[in-house]
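Going in written order, the chains are labelled A, B, C and D, and every chain counts its residues from 1.
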Amino acid sequence: MSESLLVIDGVSRHFGGVTALAEVSFSVAAGEVHALIGPNGAGKTTLIHQISGAQRPDAGRIVFSGEDLTALPMHTRVQRGMARSWQITNVFNRLTLLDNVVLAVKGRQRDWGSGFRFWQPVDDEQALIDEARGWLAEVGLGGRERTLAGSLAHGEQRQLEVVLALATKPKLLLLDEPMAGTGPEESERMVALIGKLARHVTILLVEHDMDAVFRLADRISVLVGGRLVCTGLPDEVRAHPEVRRAYLGEAA
Amino acid sequence: MNSAIYRQSTRRRLLAAGVFTLLALLPPALQAFGQEFYISFAARVLIFALVATSLNFVVGFGGMVAFGHAAFFGAGAYTVAVLMEMGIASAFVSWPAAIAVAVLLAHGIGFVSLRTRGVYFIMITLAFAQMLYYLAISMKTWGGDDGLSLATRSGFGPLDLKHDPTFYWVALASLGLCLYLLDRITHARFGRVLQAIRENESRMEGLGYPVLGYKLLCFVIGAAMAGLAGALIANHGQLASPNLLQWTQSGTLLVMVIVGGVGALYGGAVGAVVLLLAEEVLAHYTTHWHAALGLILLLVVFRAPKGIAAWVHGLFARGEKHE
Amino acid sequence: MTQLFLEQALNGLQFGLMLFLLAAGLTLVFGIMDMINLAHGSLYMVGAYLAAAAAAASGSFVIGVLAAVAGTMAVGALLELAVLRRLYTRDHLSQVLATFALILIANEAVRMVWGDQPVMLNAPEALAGPVEIAGFSYPAFRLLIIAVGVLVALALYVAVTKTRVGMWVRAGASNREMTEALGINVKRLFTIVFAVGAGLCALAGAMLGPLLAVQVGMGESILILAFVVIVIGGIGSIRGALVGSLLVGVVDTLGRALLPWLLRSFLPGEVAAHLGPALAAILIYVLMAAILFWKPSGLFPARG
Amino acid sequence: MRLTAVAATLAASLLLASSAFGADKVKVGFVSTLSGPGAGLGVDIRDGFNLAMKHLNGKLGNLPAEVIIADDQQKPDVAKAETEKFLKKDKVDFMTGIVFSNIMLAVGPQVFENKTFYISANAGPSQYAGEQCNPFFFNVAWQNDNLHEAMGKYVQDKGFRNVVIVTPNYPGGKDAVSGFKRYYKGRAEEMYTKLGQLDYAAELAQIRASKPDALFFFLPGGMGINFVKQFVAAGLSKDIQLFAPGFSADEDVIKAVGTPMLGMFNSSHWAHDFDNPENKRFVADFEKEYGRLPSLYASQGYDAALLIDAAVRDVKGKLDDKVALQKALEAKRFKSVRGDFKWNTNHYPVQNYVLRVIGKDVQGRVTNKTMGTIFSNHADAYVASCKMK
């Protein structure tokens, strides 16, 4: 296995008296698709929050490309090359698809001053727009640049969700249930998209759709009740007795 | 397409220029009718239009419901008054100082307040303004409850601000300048980013934007303009009154913004004009004008929920064919 | 010195408990309906005026208080049905504007009925003097206020923790959608909560009327303090409102009394005389800002 | 609140009757505190002024008169805005009505600059009696310190040596302290409250702790009402003798507080039991008109109207001749309800100050009774530094 892009080192998180994460440790290797699975309430989304910087862990470290990011805010982590999608679609509903993606492209221009231009109107920044069009075309949303994001079908919104994260050109993509609420056809398209992306970018995938997980993942980590049960190749995980008992048994 | 936008913005600028030319002609017109008193009144309206506009930038574009904007308004006024007390009467020193004080304050207040959200943000900005208010009324050197009187109006180079029309023109120029700046800012990248943050803050954070920094800067820009308005209002009444800092002042400013139209560039100005004129006119007809004003405001809430600017815009839009 | 301290602490307690009466209703309305009600102070004013009018007409302070509570509850329920109900789904700004308008209307209505000048409301004759406790005399009426405040706080605690409506209220404060999903008549619940909040306001107005002044605008100054209280305590939390009220009441009163004295002990007299009142006046706002800095959702956040 | 009420307007036909050279009517701008805790004072001044207008048949100096009234809400900035309007828009000939000295000081400069005469029916700040005295400022009441000086002398003469002084933190309050201490020489602990404060629990606890034998307080309007009520409720009245200037022990306070006020000493330049025909008519008609006994504020409002009336008559309506008008005001050809008084060079009165005690009158009402004179022909302490132009 190549070197680790992301190391999660003993991360704990409590809410009041409830322990959501208990000393979770695993690492994501550069280039792999690493899936994170577990039953509802296992702490998957909480972990994504800790990694992306939406929340701070009570203990433990998040190391990315060899740098400890634990104390850094989300936007800095994004600038370091880590992008996420949300479980519940989180796009700019009242903006057009093009404007959505333009924002993402602009956010990538790493200098903190990228948005601090007070004078020049934005409508004529052609380079930005061209790149944004390219991203939309890549996921099959080309030609719908002027549509409002809020009026897209659910599956298309999920795609837009991924494109937004992608347009920041991350090294690591955190995908939080990209197939949540999608129909079989849309799921299929999403699996294809993720498969295509996996060639350029490391992916940490949280997903309930076991079919998709076993098709896409190089390795799988399993969370149960805030604890890491195991990390391994799909077949190892499938065979792990505790996983079968706690998770697959329940899902079946 | 681009040319259409161009034409539209040209039309908008022409309209704005027209309105400002008409406003500039107001003092001689009032003088012709022997209504000099109203020049001073009109200047007051312009000052409130400025401070309401600055608040609208924070509320409407920054998405921050600040309930303590009076702090910056009052701070500007007190800065000018205190400096004059110290013998510094030149507007070229004291007005920039007023803006600087407001900016400094806004940095501090914004830094702490922006940690909180929603109602907590509303209340913590209010708390800071109240701190300033109580500080002002308990500082004997600042005149306590009575506020600090200005011996005269600020010196303004060759212009005599004691001359009411001149003062009016200076206020009008300040308002025009600030509106122009805000117009540019909101149409530039910074404004677009702000708009997107208002729409979806967590996503903007997730796209790598330092959201807090943007919001703080927006808060500070609003405060700076409020500080300038404060410098003007202190000169207008030749008094820096603690009432400028009180929560009812913040509330009134917020009402002006909502009435005029949250997030419409001219919303704050429209709200200030409508509210102050309504006050003046209603007071003329009934001593119970507060009740009448209250009913009108309720009507705005339920009939023109996006404010008068949007409502008027809607009327025009209905007149035209396209959306 | 200890006696002075004790007396000031009692004053703080009395002030804090009255704040609690206002804050309790406000925090529930705020927490359950997510509604900023600036007109809450107006209900306090209406309560005080009704108490003064009823007490004057009947000659009895008790009847005045009861009539004020009943009357203001009715006003509150009416207000909820006629106006506020339409505002729950609106954004905070619309709520601010509408309830600001209600303040203007309420003030003017009171002015039309009772005039510009303050109205008299006197404490019952029997309680107009002092009583001896622990070796010093303390105004009997202030003791009554403390007693009423403690009783109401207890009653509210029981009502919120032990009754079915109380359970709905708690559920509503922590998760509104869930409550609605449970099939509770949320509309009626809101009206009830609002009316009870109005009744508590009136009680505070009637009890404070003899101490302060029954006048137009009395609601606005105390409203801000009530907001400070509920924000400190955590919106939607009755317990938070109680803790916040007592904190604000005691800190404010003791601060005013002790800060100047404290400063005098290590600062030159002139400086202390200037600084003391200034610091005392902003103390509770400093407290609030500090609490929000470390706990951005107040001391006892009702929502996860 | 911007309460613009036209109190007295007369028909246009009267315009024809006016002199060809003089003004055809007199406009008086009356800005006063008419709402809030200090409202009682402003209302009494207004009612006193209006009673005089009634006695004068709605005319001042034989000219039809218009009195425009506005409420300053006890806020300097509101007062300034209202005054600005009266001066610039309504172009009034006289201004009057202000209760509180801080507001007077805020408004004064713009009135004087406009060369309009200000007839103060109450506020008598030391500034306008001394260095900043102004030809356009007349005070028909007193200089702020005077009533406190009288009380200080009485407290000193009675042998009290450990006194707490409670006043609001504003210019009038500071004048009160300096006035009282000018004649009282014992130990004095000064307590300043916020202007408009209503709850005195903290102050009372401190008073209890410092155990004075007398307490002198100056808390105008609703503040005094609350203070006395809470003072009695706290059980302090048995050990501490209360003293106050007439402002804090007049009919408005007595009416609100009632019997707890009995036995309280206070000082005044006027009392409703003064025995002169003008006063008898004033008190009787005031009671008939308004259903209550007049306070000293009402008497001052009444005198202010009479002073304007006499001066306008003197100049035969030529209100634009400011020099003549000033002379006429200085000539003061009217009979005050307090008996006679003289102007000092600073346009403040030189007059007698009396001691009053609150007791029950023959009808069983709790009210003030005049006991005797404390000062005769007493002037204020600031006149020496006044260089009147």
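Observations on the model:
Throughout what follows, contacts are C-beta pairs under 8 Å (C-beta built on N, C-alpha and C of every residue); 3 or more make two chains touch, one makes a residue touch a chain.
What you are looking at is a predicted structure, and each value in this text was computed from that prediction instead of being measured.
Between chain A and chain D, the least number of touching-chain steps is 2. No other two chains have as many C-beta pairs in contact as B-C. Averaged C-alpha coordinates give centres for chain A and chain C that are 47 Å from one another.
Averaging Cα coordinates per chain places chain B and chain D 40 Å apart.
In whole angstrom, the spacing between the mean C-alpha positions of chain A and chain B is 42. Remark: chain C and chain D have CA centroids separated by 37 Å (rounded to whole angstrom). Annotation for chain A: no residues touch two or more other chains. Looking at chain D, residues 1, 169 sit in touch with two or more other chains.
Residues of chain C in contact with two or more other chains: 277. By the definition given earlier, chain contacts exist for A-B, B-C, B-D, C-D.
Remark: chain A residues 52, 54, 73-76, 78-79, 83-84, 86, 90-95, 103-104, 106-108, 110, 112, 114-124, 164-165, 168 touch chain B in the complex. If you check the complex, the residues on chain B that touch chain D are 35-38, 40, 137, 144-147, 149, 237-239, 241, 243-244, 279, 283-284, 287, 289-290. By the touch criterion given at the top, residues 59, 65, 112, 115-120, 122-124, 126-128, 130-131, 134-135, 137-141, 247-248, 251, 254-255, 258-259, 262, 288, 290-291, 293-298, 300-302, 305 of chain B touch chain C in their complex. Contacts from chain B toward chain A in the complex involve residues 2, 5, 184-185, 187-190, 192-193, 196, 199-200, 202-214, 217. Of all residues in chain C, only 1, 3-4, 7-8, 11, 14-15, 116-118, 120, 122-123, 128-130, 136-142, 210-213, 215-217, 253, 256-257, 277 touch chain D in the complex they form.
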